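Chain IDs A, B, C and D follow the sequence of writing; residue 1 opens each chain.
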Amino acid sequence: MQLKDIQGERDLRKISLDKVGVKNLNIPVVLMDKERGEQHSIASVNLSVSLPHEFRGTHMSRFIEILENYHDEKISPKTLKNIAQDLCEKLNASKAFISFKFKYFIRKAAPVSKLESFINYDAGYEADLDLNSNKFDTVTSIIVPVQTLCPCSKEISAYGAHNQRALIDLKIRAKSLVWFEELIAMAESSGSSPLYTLLKRPDEKFVTEHAYNNPRFVEDTARELALKLDADARIIWYEINITSCESIHNHDAFAEITRNKLN
Amino acid sequence: MQLKDIQGERDLRKISLDKVGVKNLNIPVVLMDKERGEQHSIASVNLSVSLPHEFRGTHMSRFIEILENYHDEKISPKTLKNIAQDLCEKLNASKAFISFKFKYFIRKAAPVSKLESFINYDAGYEADLDLNSNKFDTVTSIIVPVQTLCPCSKEISAYGAHNQRALIDLKIRAKSLVWFEELIAMAESSGSSPLYTLLKRPDEKFVTEHAYNNPRFVEDTARELALKLDADARIIWYEINITSCESIHNHDAFAEITRNKLN
Amino acid sequence: MQLKDIQGERDLRKISLDKVGVKNLNIPVVLMDKERGEQHSIASVNLSVSLPHEFRGTHMSRFIEILENYHDEKISPKTLKNIAQDLCEKLNASKAFISFKFKYFIRKAAPVSKLESFINYDAGYEADLDLNSNKFDTVTSIIVPVQTLCPCSKEISAYGAHNQRALIDLKIRAKSLVWFEELIAMAESSGSSPLYTLLKRPDEKFVTEHAYNNPRFVEDTARELALKLDADARIIWYEINITSCESIHNHDAFAEITRNKLN
Amino acid sequence: MQLKDIQGERDLRKISLDKVGVKNLNIPVVLMDKERGEQHSIASVNLSVSLPHEFRGTHMSRFIEILENYHDEKISPKTLKNIAQDLCEKLNASKAFISFKFKYFIRKAAPVSKLESFINYDAGYEADLDLNSNKFDTVTSIIVPVQTLCPCSKEISAYGAHNQRALIDLKIRAKSLVWFEELIAMAESSGSSPLYTLLKRPDEKFVTEHAYNNPRFVEDTARELALKLDADARIIWYEINITSCESIHNHDAFAEITRNKLN
């Protein structure tokens, strides 16, 4: 029996859709890893295409079929371009949009004991392909938790200073590959101290004193990171959004900068 | 003792910040209510200002002081403008950004029994004031859950059709007041059926048959809503983002349209 | 037309259900407030009953109808008892279970400037009615965020000490009313410092130094709070679960104590 | 320099703690996989021990060191026992508590086309070791999403029936290994239909009609699953908690059963 293709029906409402697709789809992935060659992770994936006004719907199952074709390949901007091209072709679309979000792990050594442990970062890629303009655009993102120690609290207090975990949400566009490890290094050196999973007492002493010696407002952290991103010629656009989970308040402080170096 | 103003220090990094402020701050609020005059709710608030490159930091406590001044006033776009003006003035900033997110309740009657109950929607306002251009911009948002019943599933199956809760995330800019109740009505009539908190058996029969008689893809729902927003002369810009929690999948389907009528 | 009552059908599987009902239902509520008499909030409500093996299902709409009857009443353990009795009666059940979770606001003065602002706590009630044993049991809960400053970090470091926001999740059973304000006071004095929404510079100096003078491990905080709960004759059972969002790690530390004083 | 061991100090408050440890720690893991031998995933881990009243604190870094020792081993109840023994030994504790939560993937074939795709489940293990009683207890958990189609809606309506995604949260204790795949099969056959990631039109027709032919209340789903768990001699205890995201409401329905077969 031939089952009718309702999605393929002609639509008369004259309204084209920017994006139609699937969302919040979890799959196992293999990622490029600067130190270890590759690493296993799990991605939450969104895939969509533009839909011209004359078609009633897209064919949702084809998104899954295309994604299945890539499950043995390492996920990178290049792979995303191939997926985007397949989406445009198999769904007769001129634009495709892809988002992968995943945890990225690195082995990090404690600052004094040098003991190693895993630490994880929420990272991702977004990619857009536009066949009309023949443009392929990718955004690389990573959320780097750091410690921020308040310069005002340090200055005005006889001893101590409030400090807390802050999340640096960084997105970049680049002319050539920038490793997650490089972005992490830039972000971690912009707060008062990096975070570690495993710290022995001499490490904890080091981290405590290092943070006290490097007090940073959320504004300072944003600017320190901006200086590093400005100085890296590969990076052509960035967006910094920092949220500091203030240890003296039940709300957060935040700072944002977006910069397009090509403007 | 005079405590030093570290935030007020001169900054030499030559990097201005787009936004600096406080985030995820919960306060009780009173909202305008079309039917009942006003309603009590709780808002999660973000407040921020632009920071010129020459200042090291903003004064976070002033955001709270300004907000406290408004806790007896009804929250509306007009109130947000007053808050934004206060932020610019008290923080010596040229731009202020405000976001309020809250639950908005309406009394809804069941379709047949006419029994009434509360149903809630996640709603909000965003407002930006720019003193340089003397522009004040507001976005009104509401997330309206509806039922969507799949036209393909209905067409190809001998009986039944999969259906599910879908979330219509709608944002608008308007020339004059558009009530949340009006946006809810437009969104709810764009899916296969509105949702209800209280349904007796005759109501459940009505809703089931009504949805079966009005099958709607996520694409259809987006377009039906776009038609209504296009037809409303007060609305000058809108963004529709619909997520359908597919009852046959463990992932979601989605559709997006953004339209600026002034272009 | 008479619509068939499928839920009322006889069930032959011989399996009784502990709880059947509705969940994640949001409604506006009015709460008892120690200082201001009452306060408006929003509750997320779960209502359920036991279901004997011989009935196929419960009647979900009756939960909503019962709840609607109480929307002008202040929510307190006493109101919950009335709701539980109605649930048992209208649903022919011997047991009823109720959970209300809501934000509870207090006005809090800064420690030095005495400036007041709102601060919110996630609070709730759970109530169980068992008609067989004629027992009515209530649990009062509140999550109190505090600052914890690490005694080890302070001791081993030449200066500074890492500190962070920690969440004290406290549940109690009591012989007589214990106000949320009383539980908050016990919890806030058990960490290194309470949190505040509005702090001017002299306040921030006070909080910083106070926390530094009162270093507390998550273990210390749990024990300090346990001592206070042990000393309060009204409280007959408690559960403390503290999560400290360590500012030097990307994971949390936690401590738990449950104690039944009647044993 | 010898840094003082503050955690090892004598505590005079006479309050022992049930659990002290680390929480929300993410690590890459390798899991046992019934079909493929093993699979890579990411776990969120909690590790804790009991703390006698005379010690001020536990040594948080040792939890991480112990966990690091196991990062090349497959995670199973047996591995958890080894970790628990290490925790008791290295932390001088009589009780250890472990929780691992992770996504578990299976390859699932569509019902008609037999096309395969990944589908994921939230799964986990909890394990407690008590050296005093020499008892080691493990709980295996999995959350299985299914479709539920309302028998009442089907019965009273001329056509159609509301249906939705429901989450079956299942925990078991067993005398011998029960694979996640076995628990998934029991749960998926207890609702109106399993979910699939990839469905072509003939599959969608099958799933739609199959669900319509198998209407199940949340109560039915709980009882159908209980019957299967009762019949499996390996399983000695279970807890079922089902949440159905009702497509006609903006709240959920739920049902719970806990049964200890040894009682």
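Just so we're on the same page, contacts are C-beta pairs under 8 Å (C-beta built on N, C-alpha and C of every residue); 3 or more make two chains touch, one makes a residue touch a chain.
Owing to the predicted nature of the structure, the values given are computational and were not obtained by experimental measurement.
The minimal number of chain-to-chain contact steps leading from chain B to chain D is 1.
Comparing the centres of all chains, each the average of its CA atoms, the largest separation from chain D belongs to B.
Counting the residue numbers used at the interface between chain A and chain B, over half appear in both copies, so the two copies meet with largely the same residues. Centroids built from CA atoms put chain C at 35 Å from chain A.
Look at where the CA atoms of chain A average out and do the same for chain B: the two points lie 25 Å apart. Separating the centre of chain B from that of chain C, both taken as means of CA atoms, is a distance of 28 Å. Annotation for chain C: residues touching 2 or more other chains are 3, 25-26, 120, 152, 156, 197, 199, 201, 205, 251. With chains as nodes and touching pairs as edges, the resulting graph is complete, every pair of chains being joined.
By the touch criterion given at the top, residues 3-4, 6-7, 11, 13, 15, 17-26, 46, 48, 51, 56-58, 60, 151-152, 155-156, 217-220, 222-224, 226-227, 243, 251-258 of chain B touch chain A in their complex. Residues of chain C that touch chain B in their complex: 3, 5, 25-28, 39-42, 61, 64-65, 68, 71, 103, 105, 115-118, 120, 197-202, 205.
If you check the complex, the residues on chain B that touch chain D are 119-120, 145, 147, 149-150, 152-153, 156-165, 193, 195-197, 199, 201, 204-205, 207-209, 211-212, 245-251.
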